[in-house]
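The same subunit A turns up in both complexes below, where it pairs with subunit B and then with subunit C.
Let's look at the complex of A and B:
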């Protein structure tokens, strides 16, 4: 991870961006959003919900609609509030980067997408914003695009969460079909109907696939630590406080509709518990502070998922409180790590120490945030932890398993918290790559305020308990709730568990090196690496793509034609045979003599084409066959089609005459040879047979005049035109024509590019 | 190919063909014709002109790059469609305005004609782009050989 530490280091020497001051002003956008959302708080606290929406695609029930309840407001406040500090922080951290403007736009786009996601009511709106967060996350992880590692990890996050997003879309649409509405606010009232429906399990699997990939649950957890290739403000904002919680948000939102079933409960409990314990074990093993925090984020996400699997209100309240607790301390700690990296020039734990004197304010913020993380009183983290134990004990399905998982993970969190605050700041200062100075205000303000939130709400938990936690828990459980958040619950089992946690955590901290050695041997043995599986999957996909491209698009016109025609023969011929479409007409229609003459001309032209020794001769023969077809159109009263056919024949000959002289001689290199010609003849005969059978089958049945009749009647009164062909082209089916002329324009432009390119390469040779 | 007879005849024939192509475009809604056929006739006319006088003469006569003609055509068709959207009816709905010509006669003009003009320009531009690029690359080859 050493090289990532340098990539995140901003401001290449000599970088000069005079516009950066203007970009820094963008911080007012999240601030304005925050003020707006705070002003909604009284109404939400009073139990109201707000909604607003506009028609988008009315025919498909797609609306651009938004819905504010406790749950969405909680997330909106976190996104805009933390967003404000991140913008301030990024202004200092990356302000002198030459592409800071681009970075700011990405970050702002992400914030907008994330707000849209948590506020969306319509499921399509939700999906669109969901994918937008994936895309902006891709751009932000790959911001250092000169680094191969950043590009690879950005792509990994995009693919993993993008595939999950598609699953989510399918799940949401199934849910809309079952629940009879595209609005989430309506769907969550349909819980019983959805749970009893036969599609319940497919819906659940698809939605969980979306949530688990987005929130990096085991076995999809691997992309999140890799996403740390992003600059630190991005890691603090997207990959700890907001975007990765989108999956958690989705699970919370879906709780009334999908929760309370065995599948839901057990999947969430087990996946969450495994993620939490696994990630906290890996966290303690890291030597890079940023990676260590990334794994603790995984632990937090696992814990949240685990508690959302439950039904009792202590568990849900624990999840909601922990969302707040975690966002406060984790965003603060990420920013602290960024400051350490910025000031000391490294994030490696073993190279850091004694920074408390040089960075007193940062140290204070780190201390407060880490204590909240460890769950010491009187921090909000303590309340969160007590609630977690109470919730885990109340999970009737498996109280002992859940409590054990929660205690283990939390004890490891205590150890990590101690590492984060003790190793870089206490002890003696070793030789550092840079001489550290306290960071500028814009950088320490965020950690200080967020860490202070952890204390203030810890001492006075009632302030957020009634205003925010209650409405959120109500939204998740879909019934009125009243939780009292308090520091002192009396001497009870959760308090005893807290004591056990802290003791165990201190023990882990002291034994850290030995723990790393023991788990190392064990991890070598287990080898669960989703990362390697991802690499194999991508390699297999690439190999498949290369194989099928070679097979179907070999770069020779002959192969392209064969592919197209064989596909046609198999699809059309197969369909004809499979559905018994091969039919002979009762009586062969008679035709006047001139028509027979034209038919003979077409056949003679086609046969002559195959026998010609020169291309010009073949071209002329094809042209005579085409002229015959045009004459047929004329004979059967379609002058428009006939005229078009004549013009096309003429232009084809002109264009072909321009191309022919450049082709290699017909008998030269690349000639198919005898076997090849036999194979081509077989394909041609098969193709002709299928078309003949198709035409006979079509004309065997009675001619359906309903469309013709409609156009004959509607053409003049509706479209003021008597030429039905043209009326269809420019009025009734104008959108088809529009698509076709777009293709013509693009083909024209592309052919110019191709011809010019070949010319240049020939001249260069 | 520099033939005096071809060049002289081309002058006349190309002019006639271009007028005929516009005639086809105009009458297409009621009688055989239309933007697509009209544009093919025009493209053939320019192909003939190019054979007689070379691609550079065609470019001079066109004044605008054929690629731009294609794009303008596409935009024209798009505007014809969006006109309906502005009027509050679905995209590409035909809108008509009947201009009285006196003595009971009237001239119906509508967005379908605008759309057909868009089709005409797009196809003409697309075909000519291809054709001229091919002809010019041939000229270059001759110089190379």
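Let's look at the complex of A and C:
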């Protein structure tokens, strides 16, 4: 799973693209959005919810509607706030890239989709934005599209999250059917009705499939580390506050509607715990800083999922606080890694060291972010961790399991945090590919501000506690809550667990090499790699596609025709059999002798055509069958049809007599293959049998003659005609007849064009 | 005339005729020789017309005409609607057939064969022999960059 990281080459040689400066100005868009969302904060803090919407597809209850409560606003603030710093950062990081303009548009489109997703009220609106984030993240992950690996990993993210998106759509629609509304704001008010409905479990499975693929929960975790093929600003954005948090958002949003059931709690607890512990074990094994952070993102997502499985308000408050904590430190650390990569030319921890002197500001930001990650006081991460332990201990289902998982994962996070700070920045500086200098302001501003948020809100947690965490917890639990975020809770069990965590973390840090060796042996033994399963699934799908294309569309006309005919046999014949349509005629077929004679003529003509070796013989046989059909029309009271048939039959034979001599003689019947003739004859007989059975079934049923009755009564008074067939053609269905004439005229024109063109090409030769 | 009008259950006879016509047409059309395909096409349009005709039920020797002194047919006459539909179908079928005949001739002049297995202009046989050169992607991915 951990592949060697190829260092991106962000600063492509060459002068700044002239438009680059203008593109950098796009950073004002997220800034404006951030200001707009901050202005909504007082209303939300006061317990209000806001909504706005327009009709989209009224007939299907689809509305373009948006809903703002604490939960949406929390995400909207993170998306726009971190988005602003990412735009600044990307301007420096990728500003010289020849396709920077394209990159900016992708990033902006992604941000817009993400905002739409967290603000959507209508479930179809939610789904559309959900899929838009999938598509735009595909473009961002595969931005470096000359790299095969980037293309492959982008496609992997697209397929895994896209399939999950389809499951989500099905789940949402089922939920709308059960809840009787397409608006999330209505659905979450009906938790009891949805939980008690027979469709509860299918809904839960489908919605969780969407959330787990998006938020990379085990066993769908593999796409996230691979998505590190993206440029670092993209990773910093997608894997801190946005893309992967969409699944977490969905779980939080659905908590009132789907939560509080055993299935929900146990699935989230187990999947989250497995993902968290598994990912943190893999994180400590990485030597590439960016991959290490990617696995810690998985750990964070697992932790969030685990806590959203719970019902008690400490657990939910822990999840909400941790969303903030993680967004701050993870975006900051990803940007720090990008700076290190940019300045030192590598992000391999074994080749880095002693950068604190060259990159003092970056070092300070990294230190603060990593301490928040490790959960040291007085950082916000500490508060988040204390809440986690309180929530884990308070859960009724499996407090010991959950607490153990949380402590193990957090201890490994402490170790990773120590690695991220100590390895690149402390010690002596080895020979580096580049001589490092402090990054430009645009690059270090984001990490510094975000890391500072971790301290400020840690020291003064009340500021966000009331304004943001309270309304969010209320939205998730769908009941009023009042939680007080505090740095010091007194000496209690969570604090003791914190001490254990830090001690264990330090131990893991010291024992890192041995841990890598031990887990390596274990991983070799277990060999669970979703990545390989994905490759096998894709290869199997491609093989299947190639096989069925070869089979059904082999490039031979007769294969295409046979495919169509067999489809006809199976569908029509199958329908006849399935619905009891195969019936024997009510009476033994009986008809006057002349009718039997005509029928025999047609059958003989048709069968003779198949046996003829000469073109003229076959033409004569076809002509006699056609004449027989004309006689049949005459016998059953259709003289107009019979006359037309006679004329057309004659004309066809004349044209055929002109064309056939110009074509080669029929050498052989042309049914290749060992049993070619038998095979084709079988298809032919099956087709004929289905047609016969179909006509018998149709004519055995009741008959509605009312339409004909209308024409019979209306012909004289309405159309002044006594030949009903003619009246239908030139009066009641005149437009149809006009269309028919047009078709014949066009066929004639096309034939003339073909003939003239062929003549010309022959003369030229 | 009694022998004509007493007859019942004539539709199954036409059902069998349509079935035989279809079978012969399909057999001819499955041939790789386009000349035989043409004969199949001729038979097939007849088969379809008989299906439409029989589905409208059969009435012997009573064309759907209204006598000069009446405003509606006096007795039961043949169903006019399928006849009108078939008239259209016959003419359209003729348009199609004549165009296809010219097209086959044109194809023969251009390609020098009426063997459909040899007509692989649009989907050449070599198509999937080798992946296009220059793409280092050996991963099973349908998306080729740029």
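Worth a mention:
Please note the rule applied: the second predicted complex is superposed on the first by the 575 of 765 C-alpha atoms of A that agree within 3 Å, B and C clash if a C-alpha of one lies under 4 Å from a C-alpha of the other, contacts with A are read in each partner's own complex, and residues count from 1 in each chain.
Heads up, the rule we're going with is that a contact is a pair of C-beta atoms (placed from the backbone, for glycine too) under 8 Å apart; a residue touches a chain by one contact, two chains touch by 3 or more.
These numbers were taken from a predicted model, which means no experiment stands behind them.
Applying the stated contact rule after C-alpha superposition, one finds that A:639 touches each of subunit B and subunit C. Of the two partner chains, neither subunit B nor subunit C is touched by A:35. By the touch criterion stated above, A:654 is placed in contact with subunit B alone, subunit C being left untouched. Looking at the superposition, the partner that touches the larger set of subunit A residues, subunit B or subunit C, turns out to be C.
By the touch criterion defined above, A:734 lies against subunit B but remains apart from subunit C after alignment on the C-alpha atoms of chain A.
Of the two partner chains, subunit B is the only one touched by A:756; subunit C is not. In the superposition on chain A, A:689 contacts subunit C only, with no contact to subunit B.
In the superposition on chain A, contact of A:725 is made with both subunit B and subunit C. Once the two complexes are overlaid on the shared chain, A:744 sits against subunit B and subunit C alike.
Once the two complexes are overlaid on the shared chain, A:146 sits against subunit C while remaining clear of subunit B.
Residues 639-640, 644, 648, 651, 655, 659, 662, 722-723, 725, 729, 737, 744, 747-748, 751, 755, 758, 762 of subunit A are contacted both by subunit B in one complex and by subunit C in the other. Looking at the complex, you find that subunit A touches subunit B at residues 639-640, 643-644, 647-648, 650-651, 654-655, 658-659, 661-662, 719-723, 725-727, 729-731, 734-735, 737-738, 741-742, 744-745, 747-749, 751-752, 755-756, 758-759, 762-763.
Chain contact summary for the complex, subunit A toward subunit C: residues 142, 145-146, 148, 151-152, 155, 535, 538-539, 542, 546, 555-558, 561-562, 565, 585-593, 595-596, 599, 602-603, 606-607, 609-610, 615, 618-619, 622, 625-626, 629, 632-633, 635-641, 644-645, 648, 651-652, 655-656, 659-660, 662-664, 666-672, 680-681, 683-685, 687-689, 691-696, 698-699, 703, 705, 707-708, 711-713, 715-717, 722-725, 728-729, 733, 736-737, 740, 743-744, 746-748, 750-751, 754-755, 757-758, 761-762. The residues of subunit C lying in touch with subunit A in their complex are 3-4, 7-36, 38-39, 42-43, 46-47, 49-51, 53-68, 70-73, 77-81, 83-84, 86-88, 90-99, 101-106, 108-110, 114-117, 119-120, 122-125, 127-128, 135-146.
The touching residues of subunit B, when paired with subunit A in their complex, are 28-37, 40-41, 43-44, 47, 51, 66-67, 70-71, 73-74, 77-78, 81, 91-92, 94, 96, 108, 110, 112-113, 115-116, 118-119, 122-123, 125-131, 133-135, 137-138, 140-141, 144.
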